[in-house]
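First chain written, first letter: the chains are A, B, C and D, and each begins at residue 1.
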C-alpha cells in the first residue's frame, strides 16, 4: 500500500458549463451471447432478438437524436461492424462517435494478455475496415477491466476509457511507472438500460422488465444530482433494448430535457475526453487490493 | 455473409389505418411444466395452478372480449386441446383464431428435425380433432425457433409465424433458396404478461409479481409508440396468469382503449397475416451468425 | 381422460352478500428453513429473523385485527405451536381460527404416504396439546399437495383444504371413488405477501423488497375484481414479513377497507367452509395429467 | 425448551421522545468480495465499483450529514480502515461513531470460534491503529451471528450488537449463564439499501435497481410506523451504493425529515445503546431451535 487512494477532483467545465453529459450506446447485437457460448448462434429466436439492435434500434435512436439535435458515442464490437456494416455506417454518417467495445464483446476477466491484445486488434481492424475509423475511446465488455488493461489501451493509442465506476468526475488514470495515463470517463450501473430492460432467457435477466417511465425516472434522478454536483453524467443504452418504440419515445424525452439544460455540456465522450486531457490533471492511481492486508 | 441484413419496412395498412394491433393468448396450461419434466405431473398444486388457465382464465377472457367486441388469436398446444377440449371449443365458438403452439409446448432448441416435425404433426392433429381447425399461424414455445423451422412451417402449410423479435413491422421471412417465404408477425418480451406475473416455484420466476396497473402501463407505453410509428403491436397473455380477476379487469380496460383508437386496425393475427401476404413484400433474410467472423 | 374438467361454479353467498373474503396468516417462524436444512438452526441471525413472526408480528397483527374488528385464520405448523406456545395461545384467545400447516412446514413433493400421515399427526398433536384445538382446515406448506393428499385429509377428519389455485370460487374437491369430498377454498400467489416482501439470504428471495403500498395495491386490485365477480378473496400473510410495523399499518388499512364493504362477507375460513359444505355442491375432479397424451 | 421466548418490551425514551432513529453506514468497500473469493482482487472493474464507497460515497454522505446536522454510526471492516485510512479518518473527524464490522467482512456462518476471535481482534487492531478508536458496537457481516457470538462480543468488551431482526425495540440480549448481556439494537432487511440498489455481476443482485424515490418510500413507511409504535428505526446504507449522487440527494431529504420530527430521538447507535443500558432491562434469551421438536 504505497499509494494513497484518493477520489477524483471536480472539473472546471468549459464555456461556463456546470456539468457534462453524454448519451452513449453499446451496439452489442448478438456478441455477448456468442462470446459466452458460440453454440447460441444456432438459436434463431435469440439471434433475432439481438439483431433488432442494429437493424431497428440503431435507426430509431439515430432518428430521435437527429430530431433533438444530440450527438453521442456508440461503442461497437468489431463483429457487429462486420455483420451489420450498413447500420454501423449510418451512425458515422450522422456524425456520432464510434468507440471500441471488444471484437466479440469478450469478457476480460481471466484472459491472458495476448488474448486481450487480440481482442483490441481485431476490433480496431473491423472498425477501420467498415467505418474508416480509429476510435479514441474504449469501453470494456461488461465494464470489466483487468489491472493491465489501461496500459494496453494506452500503448494501443487510445485517449480514453469509459468502464470504471469509482468516480463522479473524469480523471487521468495512471498506468505503468513513467507517469503515463489514460483519460477515464466513469460510468455506473444506475445509468445502464440493461438492468431495467434486459430479459434474454437462459442468458441474462431475472425476468423483471421495467416501464420506460421507471427507467427514465432513475436516469433523471441521477442526472439532476450530477448536474448539481458538477459531475459527468454518462447514460449507457443498448439498441436491442432501448431501441424499442416505447423506450425510444421515453429516451427522446430525456434527451430533450438534457439538451435544454443550458448549464450542462452535452457532447460525445471523445470531445469530453479531449477537454479533460487539456486540463493536465494529475493522474490518479487505483491499485490492486491485497486481501491478506 | 453473402446477405445484407436489413430491417423490415413500414407497412401501408388497409382502410387508412395507421397501425395495427392484436390481442393474443398462449393457452399453455400445464404443458411447459410437463415438457420440462414429466414428473411434475405428480404435483397436484402446480397442475392446479396451470389448470386455472383453461378452466377459469379462458372463460373470463372470452367474456371480456365479448363485452369489448374484440376478436383475438389463441395459440393452443395440442395437449391443451385434448385435455381441455370443452374450454378450447368455447374459443372457437366465439369466433377467435386458433393457432399452433407445439403439442406439449416443446422447446425447439436442440431437438432434431424429425422431432420438430412430430411436434407440428401432433399439434395439428389435436387441433383438427378437437376444434376442426387447421391453423394458419404458428407460435414457437418460448418464442424460440431453429433456423430450419421457417422452412418446416412453410412446408406444413402455415401462412405465418409469430415468434421473432427483430422488427416492428410484419414482413415476409425468406426460407430455402427458391424465393419462398412465411409471413412473420413479430412479438417482444415487453408485450408478454409472463415477465410481469409468472411465479411457478422451482420452474419459473424470481418471485416478483407486478400489479396489473404496472403491466398495463408497460403495454400501453409500447402501444402508443407503435401506434405513432405505424407498427404492429402484438400483446401476448397467458390465461393462467392474465385470466385472474384483477388482471382481466385491467386487460379489459386496455382492450377498450385499443378498440377505441380509430386509427388502429385491431384484428386476429391471421387477418393481419393475410393482408401482409397480399402486399407482395420482398422477403427478408436473417442468417445464422458466424461467431468466428 | 375419463373425467371432463370443469371450473368451479359461482356461489350464492349468505345474507345477500355478493362476495367473500378472508385474512389468513401462515405462522411459519423458522419451520421452512429447518425443514429444508436442519443445520440452519445453527444460524442465529436467520432464526432471529424468523422468530420475529410469532414474537412480534403475531401480537402486532392481532392488535390491528382487534382494532378493526376482524377475525381471521392462522395456519400454524405444529413445531411453531410447541416453540411459541404463548404467542399461539394469544391467537386462540382472540377468537381466531387455528388451521393445520404441517408439523415442520414439510414440503409434500416427493414424500411417501406414510410421511404425509406423520406430518398430519404430529401437527394435530401439537395443536391439540398447545391450543386444545382440532383444526377443521389444512393448508399445505408451499401450497403443494400430492394427488393423494385430499383423501388423507378427508380421512383425518378435515372439513376443508386451502392450497389450490384452480378456481375463484370455493368448491367440493372429490377424492376416492365413493363420492367423498373436501371443501376447497382456493388461494393464489397474487395474494401472498411472500412474493412481495421475503428476503432470506441463501434460502428465498431474489432481493427485491416492495413497498407496503405496492403490495396493498396488488392485493386491492384483486379484491375489487373478486368482489365484482362474486368470488372468494383469500389473502395470505406471514407474520415474520407482514408483522413489521410499516406493513401492519398498511395491512390494517386494507382490513378496514374490506370490513367496510357491506356487500362482502368477511369471515374466518372455517365459517366459509361450513357454509360451502351446507350448499351440497356437486364435487369437482381435477385428475393427474398424462404427459404422453 | 426451558426458556419461554418473549418479545422485547417497549422502551421509555429520554427527554419525552416517543421513538428513536439512527442513520448507519456499512463501509464495506471491496471486503465482501474479497472475503468470498480473494481472486476477485484481480478484477479491476469490480474493485473500482466498490472503491467508490470510501473514495466518493463517504465524503458525499458526510457532507449531506453536516448540512442536515445529523450524526450517525459507521461500521468499518478493519481492512477498509487500513486501505482507505484517509477517508475513514474523515468520518471520525466529523464526530460520527465508528463500529466494528469484521476485518474482511468475513461471514460468520460455519467458522470456528478461534476464527471468530481472530476476525474480532484484527478488526479492533485496525480501527485502533487508523482511527484511535475502540468501538463500542458491533455489526455482523451479512447480519449473521452464531449462537456463541454474543458471548464473544461481551468478553471482548462490546457494549452493543446491531445485527438481529427479532424485535422493534432495543433489548438486553442474555448470554452465558451468569446473567450477563449485550445491548441489541435490531435492524431489518426493509431498512437496508443493498436490496434496493445492489448489482455486482457474478456476486450479488438479480439486476433490479430501484429508483431513489422507491427506496425512500420504503424506508419512510417503516419510519412512520416505527415512530407511531415508539420503536427504534435503524437505517443501514452502504456508501458504495447510497453514496451515488441521486441517492445521496434522496437520502438527505429523508435525513432532514427525520431530523425535523421533534418526537424522535435521532442519535448514533452508541448513544442509544448507552441509554438502553442505563434502563437496566431484564435480559431476553433467544435459544437455538431444535428441529426434531
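Here is the rule we use: a residue touches a chain if its C-beta (ideal position, glycine included) is under 8 Å from a C-beta of that chain, and two chains touch if they have at least 3 such contacts.
Just so it is clear, the model here is predicted, and its values are computed rather than measured.
Two copies of one chain, chain A and chain D, touch each other, and the residues they use overlap weakly: the shared fraction of interface numbers falls below half. The chain with its Cα centre farthest from the Cα centre of chain A is C.
Per-chain CA centroids place chain B at a distance of 49 Å from chain D.
One inter-chain figure worth recording: chain B and chain C are separated by 35 Å, centre to centre, where each centre is the mean of the chain's CA atoms.
Multi-chain contact residues of chain D, defined as those touching 2 or more other chains: 206, 208. If each chain is drawn as a node and touching chains are joined, the picture is one closed loop, every chain linked to exactly two others. All chain pairs in contact, by the document's touch criterion: A-B, A-D, B-C, C-D.
The touching residues of chain A, counted against chain D in their complex, run 1, 4-8, 109, 140, 142-147, 149, 163-168, 188-190, 194-196, 198, 204-206, 208, 214, 217-218, 221-226, 228-229, 231, 286, 288-293. Only residues 30, 34-35, 38, 41-49, 51-52, 54-56, 59, 79, 82-84, 86, 104, 199, 201, 206-213, 244-246, 248-250 of chain A touch chain B when the two sit together in their complex.
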